[in-house]
Every structure is written in C-alpha cells, then in structure tokens.
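There are two complexes below, and they share chain A, which is joined by chain B in the first and by chain C in the second.
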Partner chain A sequence: MSDRTDLLLALADDELILGWRNSEWTGIAPFLEEDVAFSSIAQNEIGHARALYELAARELGSTADELAFDRTPEEYRSAALVELRRLEWARTIARHWLYETADEIRIASLKASSDMEIAGLAAKIDREEAYHRMHAEMWVDRLLASEDGRARLEEAIAELWPYALGVLDDVLRPELVARAQERLGRVLPDAEPVPRGVHEAELAELWEEMTSVRRSAPAGAQW
Partner chain B sequence: MTADDVWEALAEIPDPEIPVISLVDLGVVKDVAVDDGIVHIDFTPTFMGCPALDTMRVAMEAKVAELGAQAAVNVRLDDSWSTDDITAAGREKLRAAGFAPPAPRAAGKLELVQLQRGFRCPYCGSTNTKLENLFGPTPCRSIRYCDDCRQPFEQFKTI
Partner chain C sequence: MIYEVFRQERKGQPFQHAGSVVAPDEAFAEIYAREQYARRQESVALWLVPREAVHEIAEFPDEFEMKYRRVDGYSIKARLHEARERAGTLDMAPGAASE
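Up next is the complex of A and B:
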C-alpha cells in the first residue's frame, strides 16, 4: 500500500469512527440543540470519510463501502482517541475539542500538499470543519467559565491527552501541544502518545454494531 | 442540443431538500459540455455528507434523458464550491421561503462571534436576531431566532 493510500485510510477511519461515536448522542444528548449538533457533526464526518475512502478505493481497486465495512477491526488505521466510548459530557467535549484542534493542524498541512486531489479535498472538508471547531470552542468557553466546569474539563483532558497526541505524527504534534497549552492556560504533562493502529477494545464492539447490517446481507442489499 | 439547452433544463431541477431553489441557482453545477451526444456534467456537492447527492445525480441524468441524450455526471470533490456561488436569484428565493441566505464569505477565518447577532430575519426584516444553534435540520443550515417578531428561522450556513 502506498503512503498516500495509508494516509487517506488513516484520515477516513478517524472521521468514520468519530462520526459513529458522535452519532451515539443522537436522541440522548443533554438537550435538543446538542442532539442536533452532534448528529449533524456525525453526518459531516461520515461524509468526509466517504470522500476519502473513494480516493483510496480508486488506488486499491476497491469501493468506499468495502473499505468502510469489510475490513477486520485490526485493519483500521484510526487513532485510539476516536475509538474510545465515553458517553459522559465533559469527556465528549474534551475529545471533540482535542480532535478538532488536531484535525485543524492536519488539514492545514494537507491543504498545502502538492497532491492537488488531496489539497482540494482537504480544503472542501475544512469549510465544514470550521463549524465543528466553533462548536467545540464554544463548549470549552462554557466549561472554563465555571470552577466545576473547568475541573471536569481538565480531568477529561488529562485522561485523553496521550490519545490526542497519537492523532498527529511527530512533525505536527508539537503544534497541538502548543495550541492546547495556550488555550487552557497551563502546561500539560509530557505523555507517551498512544500510537495509531493500536486499538482500544471498544473498537471491536463498535465494529460489530457498525458492520452488522452489511454482514447480514452478504450478497448486498437493495434499498 | 447545446450546453445552453442543458443548463436551461438543469435549472428546472429543484434541490431535493430545499425545493424552492434549483441546482443551478445553488451553483453546484460547475460545468456542462456536450460531446458527441454525451452530456458531461461536472457537479460538486454542497456538504459532503448530504444524503441528497445521489438524488441530485439521478435527477440530472433523467433531465438529460428527456432531452434525448445520455448524461455522464462527474462528481468533483474539490474546493470549487462555496455559498458565494449561490446566484442572486437563488438567494432571493431562499429568503422568500423563510431561509436567511448565507452571508458572503469573509476573507479571514469564520468566527462564532460574527454569527451570533445581526443577520436579517426573512419574515420581518429585523436584524435583531440571534444564533440559536450552529446546527439545524440538515448540514447546510443553522437555527436563528428573531427577537422582534419572535420567530425562529433557518439560515443557510456560509461555507
């Protein structure tokens, strides 16, 4: 597999799995606006995943659906941050904000790529991600505004920090550290990044559910 | 059949989710070329997770078939569309249907603070409106509220 395909799959897997995790708030978010927000963000992320899989599929002689659903859990290239199942609000916001911050850094570097297909797609994705970032920043502001909120957010970030560091490569990672420290107004501890491709147990559970419809109709389903 | 005939025909296809506006008004048809009886259409989605994508493609193919030709729709996944590409007529149709049209894209980064106040209510024209939710019933819409006529309304996101 080429480095290009490997990169596309890592990006696509992150967006697909995070989209799935975000969709778990559909119907049960703390209030209606957040139900709508997380559902909408999930829809966008899965849309990005589809486009990224399509590019990778062309190179692999495969299809977006095959890449999204027909690989084994071990074959996914997602970062562990997006795999964690944390149906708790402060952790959801912490993951959302850490991911969007890391993703902004990654997208900026892809937009500058000499590969015009990747640069163009990254720019298109970035237009939508701007809304995800505004949403995440709004929530960080809200939580930082109270003592209780700040404590909960900081606890969640401390737990997720090694996972967040694993989203980016060695070149881009220092930028995430700098941005996160500046935003939170404190120094975050050095931590060993959880490497991409080392999967959390939660991924296998997610995969079971996510692929169940497709596996139930091996010959393909007509909708 | 000329490319102009095709453009005219495509201008009759309503957006599947906001049917007051056509695909041409929306600016998502980027290019039309007629070559040896095949109509090549370059098309780009608004939001990438939009479930109406396939519906739009099928509608364009059907429209071209009505003209007696075959369509080859190429989906472009690049940075060639922004809400600035919605035509003036399209914006007016959105407003008349109760959607605040998207604000023009500023040169700099989009900030939440710019979205919080001041967009015009499509019902009463007041600018005394506020952002209720960045997200709405479809990926392309936000929800706002008018403090004067006390009416919630939808706004097409600027992207």
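Up next is the complex of A and C:
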C-alpha cells in the first residue's frame, strides 16, 4: 500500500467511524434540534468517508464499499479517539471539538498538497467541515461560559487528550496543542499520544454492527 | 428561545414560514435552522426571527356583520370594466396592453 492510500484510508476511516459514533445519538440527543443537527453532521462525515474511499479504491482496484466494510477491524487505520464509545453528552462534545480542531489542521495541510486530487477533495470536505467547526465551537463557548459546563468539558478533555494527540502525526501535532491551549486558556499536560491503528476494544463491537448488513448480503444490498 | 424560520426555495421567490427551532441563542439557532431546513438543498436562503420580534395581530371584530365589505357575491370584474369605461381609464387597467 502506498503512502497515498495509507493517508486516504486513515482519513476515511476516521470520518466513517466518527460518523458512525455520532449517529448513535440519533433519536436520543439531549433535544430535538441537536438531534437533527448532530445526525446531519454524522451523515456528512460518512459522505466524506465515501469520497475518500473512492479515491483510494481507484488506486487499489477496489470499491468504496469493500474498503469500508470488507476489511477486518485490525485493518482499519482509524485513530482511537473516534473509536471510543462515549455515549455521554459532555464527552461527545469534547471529542467532537477535539476531532474537528485536529481535522482542521490536517485538512489545511492536505489542501496545500501537490497531489491535485487530494488537495481538491480536501477543499471540498473543508467547506462542509466549516459548519461542523461552527457547531463544535459554539458548544465550547457555551460550556466555557458556566462553571458547571467548564468543569464537565475539562474533565472530558483530560480523559480524551492522549487520544486527540494520536489523530495527528508528529509534524502537525504541535499545532493541535497550541490551538487547544489557546482555546482553553491553560497549559495542557504532556501526554503520550495513543497511536493510530492501535484499536480500542469498542471498535470490534462497532464493526460487528456496522458490517452486519454487508455480511448478511455479500452480493451487495440494494436500496 | 424560539426562532421562527422562513425559507426561500428559489431565488426571487417569497420567503415562506417553514417552522421554528428552539435554541439558546442565535448561533445555535443558525446551526439548527441550517440543518433542519437547508441540509437537503431545499432552500437557497433562510430568515431567522426571534418569536418575540413577531408582532401578531389576530383580532378583527365585525360586530355589525358588514357583508357589503366582503367581495363574495360581487362580480367585480364586470363592474370594474364598466366603471373604467365610464372614467375613460380602460387602457390603463392592468393587463390592458396585452389585450
């Protein structure tokens, strides 16, 4: 596998798995408007995953569906941050914000890529991610505005920080640290990044559910 | 806060009431309205109006049942034509040029 497909799959897997995790809130988010918005964001992430898989699939002589569903859990290149099942709103928002912040840095570097296909797709994805960031930032504003909110956000960030660091490589990671520290107005402790590809047990559970339709109809389900 | 949402389906068309969103402030309202009323490209523009900014008028007393104020029962078109003829303004009537 080339560095190019490796890069595309890492990004696609992040978006697919996070999209799946976020969609777990559909129907049970704290209130109706948030339910609709968060579900819509989840669908966007899955749409980005599809476009990225398609680009990788062309090079690998495969298809987006095969890449998304026919690999074993160990073969996924996703970061542990997106795999965690944290069905609790403060953690979900903290993860969402950490991911979007890291993703913005990564997407910006891809937009500057000399590979025109990757740069073009990154720019397209970024135009939708802008609204995800707006959503994440307004939640952080709101949480930081109250004592209770700040405490919950900080607690969730303390737990997720080593995972967030694992989303980016050594080159881009310092930028995430700088942005997060500036936003929170404090120095975040040094932590060992949880490396990409070292999967949480929760990924296997998610995979079971996510691939069940595909495995029940190997010839392909028609919608 | 409740925000009333109006949406425009195509450029140039009037905005029509689409529904409302509950949101703690305008920033949240914008995201929620965007996701609920425009994510499928069904709108080209949205108006967000805090509900308290809407001045509702809903009482129109008609104690004496002044039926003559209503248009039902009148054949306006024919009477209007006659009146315009008398006044000599027939060629100024809407649509006159195309007739």
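Here is the rule we go by: the second predicted complex is superposed on the first by the 223 of 223 C-alpha atoms of A that agree within 3 Å, B and C clash if a C-alpha of one lies under 4 Å from a C-alpha of the other, contacts with A are read in each partner's own complex, and residues count from 1 in each chain.
Methods note: contacts are C-beta pairs under 8 Å (C-beta built on N, C-alpha and C of every residue); 3 or more make two chains touch, one makes a residue touch a chain.
In this text, all values refer to a predicted model and were calculated from it rather than measured experimentally.
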State whether A:Ala80 touches chain B only (first), chain C only (second), both chains, or neither.
neither
With the two structures laid over each other on chain A, which partner does A:Ala94 touch: chain B (first), chain C (second), both, or neither?
neither
Between chain B and chain C, whom does A:Phe31 touch in the aligned arrangement: first, second, both, or neither?
second
Tell me which partner A:Arg142 touches in the superposition: chain B (first), chain C (second), both or neither.
second
Would you sort A:Glu54 into first (chain B), second (chain C), both or neither based on which partner it touches?
first
Just chain B (first), just chain C (second), both, or neither: which does A:Tyr131 touch?
both
See if chain A has more residues touched by chain B or by chain C, and give me that chain.
B
Applying the touch criterion given at the start, work out whether A:Ile107 contacts chain B, chain C, both or neither, answering first, second, both or neither.
neither
Shared contact residues on chain A for chain B and chain C?
33, 36-37, 40-41, 131, 134-135, 138
Interfacial residue positions of chain B with respect to chain A in the complex:
47-50, 77-82, 109-112, 115, 132-139, 143, 157, 159
Listed in rising order, chain A residues that touch chain C in their complex are 31-34, 36-37, 40-41, 131, 134-135, 138, 141-142
Would you tell me which residues of chain A are touching chain B in their complex?
33, 36-37, 39-41, 43-48, 50-51, 54-55, 116-117, 120-121, 123-125, 127-128, 130-131, 134-135, 137-138
Chain C to chain A touching residues, read off their complex
21-24, 27-28, 30-32, 34-36, 39
